[in-house]
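Each structure below is given as structure tokens.
Each of the next two complexes has chain A plus one other chain: chain B in the first, chain C in the second.
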Partner chain A sequence: MPSTPMTAEPLLSVRGLGVRFRLPQAEVTAVDGVDFDLARGEVLGIVGESGSGKSQILFALMGLLAANGGASGEARFGGRNLVGLAEGELDRVRGSDISIVFQDPMTALNPFMRIGDQLAEGLIVHRGATRRSAWAEAVAMLDRVGIPDPAARARAYPHQFSGGMRQRVMIAMALLMRPAILLADEPTTALDVTIQAQVLDLIAELARDSGTAVILVTHDLGVVARACDRVMVLYGGQVMEAADVDTLFAEPRHPYTQGLLAAMPRLGGETAPRLGTIPGSPGSDAAPGCPFAPRCDRRLPRCTVERPALVDRPPRRIACHLEAADAAS
Partner chain B sequence: MLRFIGRRVWDGGLTLAALVTLTFFVMRLAPGGPFSKSRKISPEILANIQKTYHLDEPVWMQFGRYVKGLVTFDLGPSTRFRDYTVGDMISAGLPWSVTIGIWAIIVATLIGVALGVAGAMRRNSAADYVAGIVGVVGVAVPIFVIGPLLQSVFALRLGWVPVGGIGAGWRALVLPILVLALPNVAYISRLTRSSMIETLRENYVRTARAKGVGAARMVRRHVLKGTLLPVIAYLGPATAAIITGSILIETIFALPGIGRHFVDAALNRDYPLVMGITLLYGALLIVLNIATDLIRAWIDPRLRNGR
Partner chain C sequence: MPLLEVRRLDVGYLIPGEGLFARPRRLPIVHDVSFDLDPGRTLGIVGESGCGKSTLGRALLRLNPPSGGEVLWRGTDLATVPARALRRQRAEFQIIFQDPLAALDPRMTVLASVTRPLATFAPGLGARAREERGRAALEKVGLGSDFAGRYPHELSGGQAQRVGIARALVGDPKLVICDEPVSALDVSVQAQVVNLLMDLQDQLDLALVFISHNLAVVRQMAHEVMVMCLGRVVEKAPRGAFFAAPLHPYSQALMAAVPEPDPHRERARRGTAIAGEVPSVLTPPSGCVFASRCPRAEPRCHGERPALRPLQGGRSAACHFIEGTS
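Let's turn to the complex of A and B:
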């Protein structure tokens, strides 16, 4: 159970989070100056197109960056800074207080291990459970995420499961630990639409019941509308705009957010709306200005030379020079 | 699983049958016979000898006789060493070859896997460099160089072990086993290292880290199996090769193993002995391949339903 008492103090407080990768010739910045807070029981959505750094934010929090990557900044959780925490210390937090559902369910499970053992492992390692009792809990959780005949399926191996089933196993594995924070990286991408809704509801239910806070990474604004309380829009590794879901959908202020919403077919439509295509692609991080400037149709001269700061404009936070221009006029 | 085993054994049997047929006819179709060119023998004696060895019968009858002998484990007399049967010669030589072969593989696997794992876990550490050096030496320096080198140091200079022969019990086998193991230490350590580095990059290993299982449990429960699969695939054929391919070692260290008989037999057109040893090698390879497949299937559930 989370050690943080229920106060105004956020469960997780992230400041100036950065992720950089060393490449043979150069260094690339995948995440730059990301700030956010996460309260108990809250569901925070992170949206942004492919390559915008969504997954790397989650990996940085878990100490799971690739060997050529490094994180900077601060992520306060339970009195510790998760960034730069030693592996041994991290292992006490990972899988116990914070769990993660990975993006790719096909390769995230160990092919040599029974599903039940993979689920039970966390309980055995962190809670000192016996294999027997852990296995029983694992079967119960498989049942909850909608795996038919869970007692038999727990004895099976990952290759005997479809992609959607594996994703549910991953979700069961994460939920089983009743973590304080659940990091879910596109948890519903591999699922068909009806199951998607079920799984999202399950995650939301868990957040409500056990006070688990969720960071939900997605391409899908429909998922955001359905499951999230707040949402953070990412572009080129930087936060463009962040607000509660209602504000963001009703009154998007950042040109990128506006573009996203405009490209979205229709709220509440039957087909799951995906992030629409906005012309261009995330710019190179060597450029000094706003990462979105090259694709922005309301670009000011300073946008390409000066990076806009992320400022508080209640009820939102936004990083855009237009805000300052509007305020001045 | 049972069906899988049955299938593998059946396939192995078929391969062996094909091998029996092939070796028999290749031997008979090759020009010259065991007695054709040695000394001048009078026609009567030649006919007599040929009768003794049934060389006067039509080939298909010889084949039938041969298969019948095989089934009853009677491989007939050696044509070169007339007082011995092929069975005698194999059972005299095989234990030596198997003993040094098995020990060499065990030594090579233990050292190779340990070096490989250490290298993969601590890349560019001292262990990694040692493994690298062993790797280069083991592969690049041939047995007939390393063997005499070790003999001159450990046998002649230090006198810890005999130069060769079998007079000194287990001591006599230390050097041959080490020399035989060395190239395999090299290969197995490199194989283990690269396989483990690859496995450490797998998404499911990241999942294990995300579960906070700790480094020791992660390696034991999540990394080792994936790492060892290719190593095990290599060990089956390598064991067969090491047992059958120890001719050079047996010569350098004057061991009465089966490899030397094989060369003698081939040079002397000793049909029964050549065929006996060929079949032995073939059977060994088949059995070891089946064993390898079974162990791999035991480790990897994805291999169980297959083929």
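Let's turn to the complex of A and C:
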């Protein structure tokens, strides 16, 4: 399958996105120069290990960074730059144009409010709906995300729902405002595999049917394969490789992507006597070169001193000095 | 004689009774589990949250007392071993936990944590000998001597789990229970720890009970697989046979739900997830534990619990649709 051509105006266009945090001793860069486009109805996976900055990208888009954090760069959405947008304007974007679903559905719900009231609230506040019509819409959306007996369940409280059902409620809440973009931060990590499969299928189906664009942040390449159209591999706050899912999984080019795939145990095929490994662990060493260089077994002398640019090598984008070395030879 | 023999083990927890003055009652969690384990072998126990896999793992070490059945260690029922002697004997069976940082005392150095069990297992050992054994254990898990003086907050997740493994190994155990030991680790680090456990098993002829919700990791590690659902074993089989063709509908559903890094396969599987939720342990079904979610369930499945029946090739399964050999 060829990469998605960027012919039509993308829904969201991110250029040079950066996130930095001020700590007492130093400044830390969490996201560094991230570029991507998102089209209507597309599911983009952002995959990375701890500290890769994958969640911070979502928080930066939503203006939800911690108080000591700051975003830079551009995120064009509907003629506005989401980065640095005033709080009042952000409030209008959040909830109605862009919604977010978090990893832990329990902490994101108000334990003292009935589920139906929590869902209806957004419609009443943002759209001036009447209580009655908002409630009816809430029940219809619970039905849509697969909550059995939705009229009765809308009258229940969060603790009366299982983890999987709560995550469906969160997705229902996020979708109720018919957002153009749904941001999902590890939405299935806390769920059992059978429930994870249900929720991922639901997200893919919603994107297909309603044209909602989705950014799904995960540490699991399996989740990407199940639910996403395109994928961006992040390491140390930088994009290492990005492509459509078929290309990335069939022909990973970046040593980090290759290493990640080799490290995953599989259900099918031969079992290797040992898994492939990447030495070391994801670290936060601020170095001038490629963030993956300290763990890369194919690093060149220049990798530790010079940061590789993210270049277009259709059908992929890749940031690796080996690419340039290969192209030259 | 197998190292570990588990015979019809039941485990439960005491919970408050209903009503203010009611006696506490026992909530059964694990029912009727039997298996043998030999040195150098790994039993993988898989299942979703609440299936009783961790409760079972702890009961094997008598960290939870069983409410029925037996756990035989080299032929001796652990229930008959006096508490003092049991404490010593625990050198032979150890456990490593899911959250490696939570399992370490933040105020103890790595070496102090690793050698701490020796105070119980080998109280006669001098400080010097103890330190030597601690450093040797750290060496085994790939942590050089510069780690000995570090504190847990100076460790990455993978390093902390290696310390947890070193602490389990310091008393020269024969059996290690691994309770989701790689679930909290990054993918690239998870592979290192899985390989380490396999290497250590080969070198030390360790028996492992590997508890995980991740079927792919279990396929990599285990010689035999035991699938649990709501506290009961629904299928048990050698690794190769199990992953080639799981027999129980629950095993099949679990396998189909694991997302694999293969977009072609995953697209084909979209929309095939089984519907429904795991029933509560507080209100277990009277029939088959999987009946409420099983695509093949018939009235009989809801009314009558299928027994775990032996099948060809050293397998067994508990399903009315699968014919036993006897």
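Basically, the second predicted complex is superposed on the first by the 308 of 329 C-alpha atoms of A that agree within 3 Å, B and C clash if a C-alpha of one lies under 4 Å from a C-alpha of the other, contacts with A are read in each partner's own complex, and residues count from 1 in each chain.
Keep in mind that, in the parts below, a residue touches a chain if its C-beta (ideal position, glycine included) is under 8 Å from a C-beta of that chain, and two chains touch if they have at least 3 such contacts.
The model shown is predicted, which means the values in this text are computed figures rather than measured ones.
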Exercise for review: Put chain B and chain C onto chain A via the superposition and say whether they clash or fit.
Suggested key: fit
Study note, to complete from the structure: Between chain B and chain C, as viewed from the CA centre of chain A after superposition, lies an angle in degrees, nearest 10, of 80
Study note, to complete from the structure: Between chain B and chain C, the one with more contact residues on chain A is chain C
Check your understanding: Taking the superposition as given, does A:Asn81 touch the first partner, chain B, the second, chain C, both, or neither?
Key -> neither
Exercise for review: Report for A:Asn68: first if it touches chain B alone, second if chain C alone, otherwise both or neither.
Suggested key: neither
Check your understanding: After lining up the shared chain so the two structures overlap, which partner does A:Ser133 touch, if you call chain B first and chain C second: first, second, both or neither?
Key -> neither
Review point. After lining up the shared chain so the two structures overlap, which partner does A:Asp201 touch, if you call chain B first and chain C second: first, second, both or neither?
Key: second
Study note, to complete from the structure: With chain A overlaid, the minimum CA to CA distance between chain B and chain C in angstrom is 9
Exercise for review: Name the residues of chain A shared by its contacts with chain B and its contacts with chain C.
Suggested key: none
Check your understanding: Mind pulling up the chain A residues that touch chain B in the complex?
Key -> 62-64, 87-88, 90-96, 99-100, 102, 104, 107-113, 121-122, 125-126, 157, 159, 170, 173
Point to revise | For the chain B and chain A complex, residues of the former touching the latter | key: 202-204, 206-215, 217, 221-222, 225-226, 299-302
Exercise for review: Report the residues of chain A in contact with chain C in the complex, numbered from low to high.
Suggested key: 49-50, 146, 162, 164-165, 192-198, 200-201, 204-205, 219-227, 245-246, 249, 259-268, 271, 273-279, 281-283, 295
Check your understanding: Once bound in the complex, which stretches of chain C touch chain A?
Key -> 48-49, 156-159, 186-192, 194-195, 198-199, 213-217, 219-220, 243, 253-266, 269-275, 277-278, 293
